[in-house]
């Protein structure tokens, strides 16, 4: 595996699952692969789970790690080509990326959507420059449009908790005080579509995800109807794609609560975290035994390690 | 040892001292205990000594370390239960803590008193949630009311420098431009009361420490009288407990200077650092041969390592 | 080697070059020297290359590393002697430095010129206190007046790319929107003067470097004339030394462009990075095959490692 930026980069869902479970059963068994290898984690945005789980995964593999917060540690970085750099950005990605690549064997990078311009975000302006200019494999720690490490962990978590071969998985929009990227939702849909699960996406009108991610995935605008018979409820807020970056609703009728969970087939509750309690989900649901958000977060370490194992085996 | 948040968590003063000296004589001799183990250090507040000494201690034990500054690296964290999270805090401690615990074997956390509300601070609102919600041992890197890693190092330092079996140890309040927590003072009193040293606390009226920490410890409002015959002078500023968080005095007559040190039994000068020179203590005293502040700081590494050794041996 | 703050600290140019090439050919061959040794990297200023390359170098040597950003992680540090510390600075370097030294075996420190006062900067007020008060070797990761890790990497890069025994090396001033320290330029001149290369410095009038760095190095105020026959063009902006810290010119006629490069002997283009594209150098030049800025940056890891090897061998 030469990079990990979307589900298209993994050899197959089967290989991804097998590697994850292999790693989970033997976390410290592959350190020969990482010996004297270094991963640099570059953060353009805040991070808790991704920061810790990816570092931990690299250390499990016997790798060294270096973490760089672009905003606090380093220079402001320019991403536009051809500009006269007379402003606040002191360094261009065109130099920064190959230089970072020289000091390590794998780069992880987190660069969220900026919501200034849909074309910039959906072309993955920053992440794609990392892939282009680094001489080493690049792992997305969440780009502008996808969060594949999250989706991979979501997949493993569903596999571990499913009671039927082909569970009904519902991705539901939920209200939030801020405008959030579509990355987690896009990526979740993209990964689920590679499985034979039954996927339903539910959200208010106006919150349709980008067609290239949705494909023929089923949309159900009636949240309660969507929840009927569900085995997994995956809650997530996102801002509008069509009315790009806008908050069209903060309607608390979309909050995942106990009454709605009662409509499901004793569904497990999932969320990528961080989650706004009593906006996205009630305390009652997230604190219930059916909430598997912490298991899901723990699988972030496992799948990040599986990604690194597949990358290092390929080197 | 399952956690380290106060003197009550150590098996005994004797065991604590023995472990510290064992570690000091053989810093790299216990790495089998830490192999493939990870400590996460979570900072809600600034840190120099604690940051470096605790990381170093973990590395001495053969552990991996990850450091997270909550304010710069991560999401703002909510600590209130039951709230609708529609404000600036993006994640609740109720998720963040168990998730962090999943990625490591020991959590260190620093969360100072906020001085907004005495009840919140004295219930250790943040630290106690870490102890409750993490599935792994928690080490206080300074809470709202105690700084046990500091007090443990203070104890070891006194043991190393004392010339008599039961030295006279004086904790003296000293002026400072800012309102500082009582944590170091509370904790120092708490630890000293477990020894058979002679403890005297001196401060201006109004600066009485909380009764649960002071117990029957002796107070002497006349600083010069307190200093007479002292073997150790431990200087520290703190804001008022009764008039909670207020600065009642910046009286430079309470600064520890050469004239006052001359009243002692050739006392050693101690301070946890950082120290405001010529406010808390004069240059002359802190730069004198009797100043042992750097030795004291070095023992932070030793006692943090001793804490980790006791925790890892118990796992 | 007891410290590394200028070219005067290395045993000789020959030994420095031999050690760099030895390390480059065997990056992981000296880990016995660094086992159970720790380097602390203290940053008063931003850093990308220095941060990553120095950490990587220490890890190559088998060392542990700890990174501290003074402004975000720690307390504001006081550097003046004798002051009453009643302001914003919570800790004095007089305590912070020996304490940091207690937790590690080598300290790296970055402390740029502040441009408040030339005497303060040119006395290396912060770096010199580190050298004085730490009990362990200090490595400059760029001081107020020198950047020796950069210059050492520049030297190695020139050695690797030179086609003649004694190449003509031209240091050229170039425009920049901000006032930058003279450190890189001073240091480059200082190191080049230790070689038998032909060195020419070119800049607008008023940008003369400090006499103690320039010595008898040749100045040519006509940039095009300076470029004639050059084998290496080293571009860098700096603010005025005589009119201390002032920007006297942003004249884009000093930008290094294709036409000027055509005057040279097929010269390689060098810059320490970060570089302002289309201010200091045109896209055409920095993206050309003759640009060796990434090789130069990579040598930062190599020479930092060579410095650590020489220090650890001496311990």
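By written order: A, B and C. Residues from 1 in each chain.
Basically, a residue touches a chain if its C-beta (ideal position, glycine included) is under 8 Å from a C-beta of that chain, and two chains touch if they have at least 3 such contacts.
Computed from a predicted model, the values in this text were never measured in an experiment.
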item	value
Same-site or different-site touching of chain A by its copy chain C, using the half cut	different
Degree value of the rotation bringing chain B onto chain C, based on Cα positions, nearest 5	120
Whole-Å gap between the CA centroids of chain A and chain C	39
Multi-chain contact residues (two or more partners), chain B	72
Residues of chain C defined as touching chain A within the complex	27-28, 43, 46-49, 51-53, 55-56, 59-60, 69, 72, 177, 273-279, 283, 286-287, 293-294, 297-298, 301
Residues on chain C engaged by chain B in the complex (per definition of touch)	36, 38, 40, 64, 66, 68, 72-75, 78, 81-87, 90-92, 94-96, 98-100, 102-104
